[in-house]
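Order as written gives the chain letters A, B, C, D, E and F; numbering starts at 1 within each chain.
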Amino acid sequence: MDPVDKIVKIALTEDACLEDVTSRAILPPSLFAEAKITARLVLSGSLPATRAFDMIDPAVSVDFDIDDGAEASDGAVIAELSGPAVSILAGERVALNLLQQLSGVATLTRRFCDAIKGTSAKIVDTRKTVPGMRWLQKQAVVHGGGSNHRMSLADGVLIKDNHIAMAGSITNAVESAKRRAHHLLSVEVEVESLGGVREALEAGADAILLDNMASEMIADAVKLIDGRATVEASGNITLENVLEVAEAGVDLISIGRLTHSASACDISMDFAQP
Amino acid sequence: MDPVDKIVKIALTEDACLEDVTSRAILPPSLFAEAKITARLVLSGSLPATRAFDMIDPAVSVDFDIDDGAEASDGAVIAELSGPAVSILAGERVALNLLQQLSGVATLTRRFCDAIKGTSAKIVDTRKTVPGMRWLQKQAVVHGGGSNHRMSLADGVLIKDNHIAMAGSITNAVESAKRRAHHLLSVEVEVESLGGVREALEAGADAILLDNMASEMIADAVKLIDGRATVEASGNITLENVLEVAEAGVDLISIGRLTHSASACDISMDFAQP
Amino acid sequence: MDPVDKIVKIALTEDACLEDVTSRAILPPSLFAEAKITARLVLSGSLPATRAFDMIDPAVSVDFDIDDGAEASDGAVIAELSGPAVSILAGERVALNLLQQLSGVATLTRRFCDAIKGTSAKIVDTRKTVPGMRWLQKQAVVHGGGSNHRMSLADGVLIKDNHIAMAGSITNAVESAKRRAHHLLSVEVEVESLGGVREALEAGADAILLDNMASEMIADAVKLIDGRATVEASGNITLENVLEVAEAGVDLISIGRLTHSASACDISMDFAQP
Amino acid sequence: MDPVDKIVKIALTEDACLEDVTSRAILPPSLFAEAKITARLVLSGSLPATRAFDMIDPAVSVDFDIDDGAEASDGAVIAELSGPAVSILAGERVALNLLQQLSGVATLTRRFCDAIKGTSAKIVDTRKTVPGMRWLQKQAVVHGGGSNHRMSLADGVLIKDNHIAMAGSITNAVESAKRRAHHLLSVEVEVESLGGVREALEAGADAILLDNMASEMIADAVKLIDGRATVEASGNITLENVLEVAEAGVDLISIGRLTHSASACDISMDFAQP
Amino acid sequence: MDPVDKIVKIALTEDACLEDVTSRAILPPSLFAEAKITARLVLSGSLPATRAFDMIDPAVSVDFDIDDGAEASDGAVIAELSGPAVSILAGERVALNLLQQLSGVATLTRRFCDAIKGTSAKIVDTRKTVPGMRWLQKQAVVHGGGSNHRMSLADGVLIKDNHIAMAGSITNAVESAKRRAHHLLSVEVEVESLGGVREALEAGADAILLDNMASEMIADAVKLIDGRATVEASGNITLENVLEVAEAGVDLISIGRLTHSASACDISMDFAQP
Amino acid sequence: MDPVDKIVKIALTEDACLEDVTSRAILPPSLFAEAKITARLVLSGSLPATRAFDMIDPAVSVDFDIDDGAEASDGAVIAELSGPAVSILAGERVALNLLQQLSGVATLTRRFCDAIKGTSAKIVDTRKTVPGMRWLQKQAVVHGGGSNHRMSLADGVLIKDNHIAMAGSITNAVESAKRRAHHLLSVEVEVESLGGVREALEAGADAILLDNMASEMIADAVKLIDGRATVEASGNITLENVLEVAEAGVDLISIGRLTHSASACDISMDFAQP
């Protein structure tokens, strides 16, 4: 699969995996090894991690013991590898970098999902992703239990403050978008006040993004909208306040932090004693 | 410059910047806009952010008011843009994604550097980078005041626990490496005990990486090494304990968190009212 | 702009434009020439045609006398070129191939648009495009006066007969799609009977594609739908029957022929006598 | 094979085949399907159509029941597929786009070849191909029973009116070409009158292209040339007049329409009821 | 120009020109330098050498004092550079590698051309080129005064011993080729005896390659052919015997050594004292 | 492996291996052939040569009878091929071009290694490689028995005359480099006199490159250095004088000729009579 292979290839190239001077100086090419990857995380990234080893040396066999989306408690073995030691060592860092980043995203997403369990809201991602990792990070959000927002600028109309400033008004912007975007794209508009909510509704917005509102105002907005548009909340949402926002009745809670600031999971690879 | 343009191009492609259905549906192509980017950060990423707009539309002019490595206090204007509104909007997210990630790395690095000010230790990065961002993240570490460790597997011999396990002993590994790596590459070995330090020194290691040691043991190791090898400390180093480690007398403190888990800086772009 | 440059580059490569043995054997590299392009068409493709010459030799100047979307009657000059004769000759065929294909699309689209003038229906394209030319052909449809349907599989949900067969029923398919596609994507379903129309409406489809229906049945379907969904007609639509379909009250008429079978326009380039 | 894979990859990318929101929202990834492709055509494109499915998912098996170049009468099954339903649906449009375009070329070529059956003339293509499809279209011409003219500017010298205008005369142009092109390239010259034929012959042209001549003049030219050069006719050749041109005694009849304006064949893919 | 830029980019990448640790560690980025390139050679490669610096840093100005094809006697200045010292140093090796290789080809070609001055034979290259350098090496042969043979497998039919072995006989091979290759490609056949020459002539070969024949046999073959085909000699041709071969009356003398074994020219770059 | 496949692909493309007009015109696609490659050489290049056939047609089987680094005396069979004749012929030239170039490098390296047998010096390569072939040529040097110097500008600090000129002095340059290059890179400096040797040693150089010195001066330098730095000799080293240089006591002898001017080995491929 292309977007996976592309970023894996870049990662292998930037780590010069074919010129691993350390392993080549120390170990015979024929030396066979077995290794285990252990970690505490919600797993994501098993596909690109596997592809990293495939690209370096098809003789490395990689078996993940759990699927993307599954949770491993501390110290659990999540994957087992065997093959030429030099090839496993050449791919180790790139594979772990992929796993720790993506599992970090899945793990953080899972915590947000758990925090709102029982409500009807969904946790969704944003376009605030790390350059090059968009597709994989969006998959990681799904592995964590979240849902995706639009993938890119092409698959949804989302009118934000800068658009409104340039278009003159919410009304202008929404009406143009309804008229000119193709008929399979819905129109969402970001608002900062109840007045904005009203204007958006009247202009025919299909979805309304409540930006940086306090929970009470969100609740008021949800009442005002009353099912006439999908309601999304965004801005300053933390593990502490997310339940309050969910209980205010929104459909979607979008969180940039999921992808731009998730901490890497701690993952290690250890070779079996030969 | 190639590694910059490559990742910028991927980021623009994954955001489908040429198919921004929102702006195209709402704004006339000829509409001119001016915008400001404001933030609180140690800046990094001005080059790729500028390239993002260049690639979308050379008619967008981007002027950074501060250089990479400079600090902006809250609300400061860090860049000013002008050009076709649709082009600025098409590149906004990608440019901000680059800036927030890289400035996040620079800002965190700066905090570590500040924490050890006055000691002779240097803060250095690792190969635990986000896939695709290696080169830019390593630059960001320099912008933050840190130094670079090796760039990839090709420009330095670093013998880690898995290598030692496979090679049989520190001695075997170091001696092979000294004999077989080319003469411009030094040999560093990761050790977990004072016994390891002794074996590494005897085998002729040029540098020794003290992995996950407490400060007292680090101090003992530094005494033992006594200038015969470069000393690097790594593992579980936080803003709280980094000074203690530095004062134990090491030359280098390497911190994976700088690149794998820096929080994104908060950066916004606002259009001037037309 | 990337998708343009990519296909232009491929076209130049497949024509081996840098190894034009004829011109190089006959003409001195320094010989300067002026040429005119004349044609009868609705113009599309001025951008890639210009890029073709730019890529071969920036010393060739290309000026289009009319804009994409404008009509040229027989024999009209649509562009003027000047520069090194060998460079103009090297790019001639590729540039004309681009212009004749894309203007063919724009010209055919214009004829369909003219045929329904006065109705409220729009002529739209499909994904039945020539491999490699999707983006440019979709632009050509706009130049011809038509509108775009979705660009790809990613920016709209369109449930077709094969999906329904696999999903078990229209109801199953539409309900899954409404629940699982992201909230900015509308759901359209292709139906072949009034029963299908009814099921689609009840399942909550946002748009309904009437496939291969006769005009009378289309009119019945429009009445049945009664504004509750966007109505698209498709299949066996010709310049002869398109007005009848438009007058049946549909919103969109999609026509594969616009992009898969438009005849190339007749375009020639002639050098001024030196 | 590279030129095939390159265009297939572009086609898959422009259709965003890895982000098929419809199938993914409706069908389980594990659902297995069988499908048949039926059509009326002279087949071309089985290789790129197969490659399209291979690239999406090697688990899709594609079996063509007839070979490229074979004729299918209306409704005949030309290929059978089986594999994951979501993968077949992801590749359906791209595969059909390739088949309908290329079989359109093969089918039109076959009609021209049939029209001149019994004469010694050959139907050949031109460089008037659709950008990106040169190699595949030229194969399609062969599948239709035609022959190829040169592939690009690099594998043959063809002096056209613009070259002659710039070189000063047919004589100048042919003599330079004979002297300066490498010894394995023959020299053909395009002429519009019997005077041109005479001048070309005297200058030593290996082949003469009679451009836009009426059949009587073509017959006169053939007599004049009398075997001393290969004779090609081109311009305004239709299924109605092609036999007349062939009977005038030319060796080659080149037809731009074969590749720039062939109508797409009507091809459909239907899933077996599960 | 594409084939140039592609190989230059690869050369810059394999030399890691953007990570020149030496210059970056020693010199300030702002330091300005002037340098001269001196050499003894027939120049070729000024274009790719210039492109190498352009790609690294457009602020480097490169002026060649002589044109490709001109001769520089020992110690002559062939180019002058100015710009940031770090950028000149980053590109130095790649630029010199290009110049020394290509000028090596041009210089050797010139010596062969000089050796046969006064005869009517031409020195031509072969397809025995260094991988990746075909296009540039063939240009270098022209700069040296030689001519090009076919560029690739696509622009000429050359039947060699292995083809004849598989086709059964020279006659079979030539007749098939004449019938099936397109009409702008001539047919050459490699022969090793006068019998072969006769068979090739009778079969209608347009050119005959005398492989590894002694000068007397070559002279006999030339007489036998008597202008009915182009005559090429190849195999074991040295600066010592090339005149003898030329005087035997052949049209072309092809020499693999020109491109596969030319010695690099000695070229140096020296910085002006600041 | 990437760097191999990249250059092989370029070589196949520049030879237009998919458009071999000769074989396709003469031989049926189904014709099966067996061929042998014979040569006199130290082998290098078996991997890229095998990849060339793999990329053209996986149905070609290629078996090398000897390994890279092994020596074949005149006429020995080094590889056996079988598969479709047209595919073997399509790849023949590219495969032989790779083998003859790389085996040329290995063979010349072997001669230098043999010349210094018994001494403790090593023969090493330089960065004076043929553009695009760096990685393969450096492997060929190893196959010949030599060792590698740094691969690129990124994996070693080598201060040359131009750096010293710009930095002001050897002392300045070495001290900056020691301070600013990362701690796993050693610092080597090129000197032309014993004075330079002294200054380099005092500044703390890890290695010293004696440039263009006579053997006596080299011996003096070795004595002066006395084990405090690695000693490399370079410049004007031939098969005649290399032993003298080795016996002067240097550690490394670097020779540009190995990669920039090795003569191609004579290699042929012959088809078995069918």
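Here is the rule we use: contacts are C-beta pairs under 8 Å (C-beta built on N, C-alpha and C of every residue); 3 or more make two chains touch, one makes a residue touch a chain.
Nothing here was measured: the structure is a model prediction, and the numbers come from that model.
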Partner chains that subunit A and subunit E have in common: B, C, D, F
Indicate the whole-number Å distance between the mean C-alpha point of subunit B and the mean C-alpha point of subunit D. 53
Between subunit B and subunit F, tell me the centre distance in angstrom, where each centre is the average of that chain's C-alpha atoms. 34
CA centroid of subunit B to CA centroid of subunit C, Å: 45
Residues within subunit F bordering two or more other chains: 3, 19, 21, 151, 154-158, 182, 185
Inter-chain touch pairs (all): A-B, A-C, A-D, A-F, B-C, B-E, B-F, C-D, C-E, D-E, D-F, E-F
Show which residues of subunit F lie in contact with subunit E when the two form their complex. 3, 6-8, 10-11, 14-17, 19-27, 31, 33, 35, 48, 85, 89-90, 92-94, 96-98, 100-101, 104, 127-135, 151-159, 161-163, 165-167, 172-173, 176-177, 179-182, 185, 256-257, 260-264, 269-271, 273-274
Per the contact definition, I'd like the list of subunit A residues that touch subunit D in the complex. 1-3, 151, 155
Interfacial residue positions of subunit E with respect to subunit B in the complex: 9, 12-13, 18-19, 21
Subunit C residues touching subunit A in their complex are 124, 147-151, 154-158, 182-188, 206-207, 230, 232, 251-252
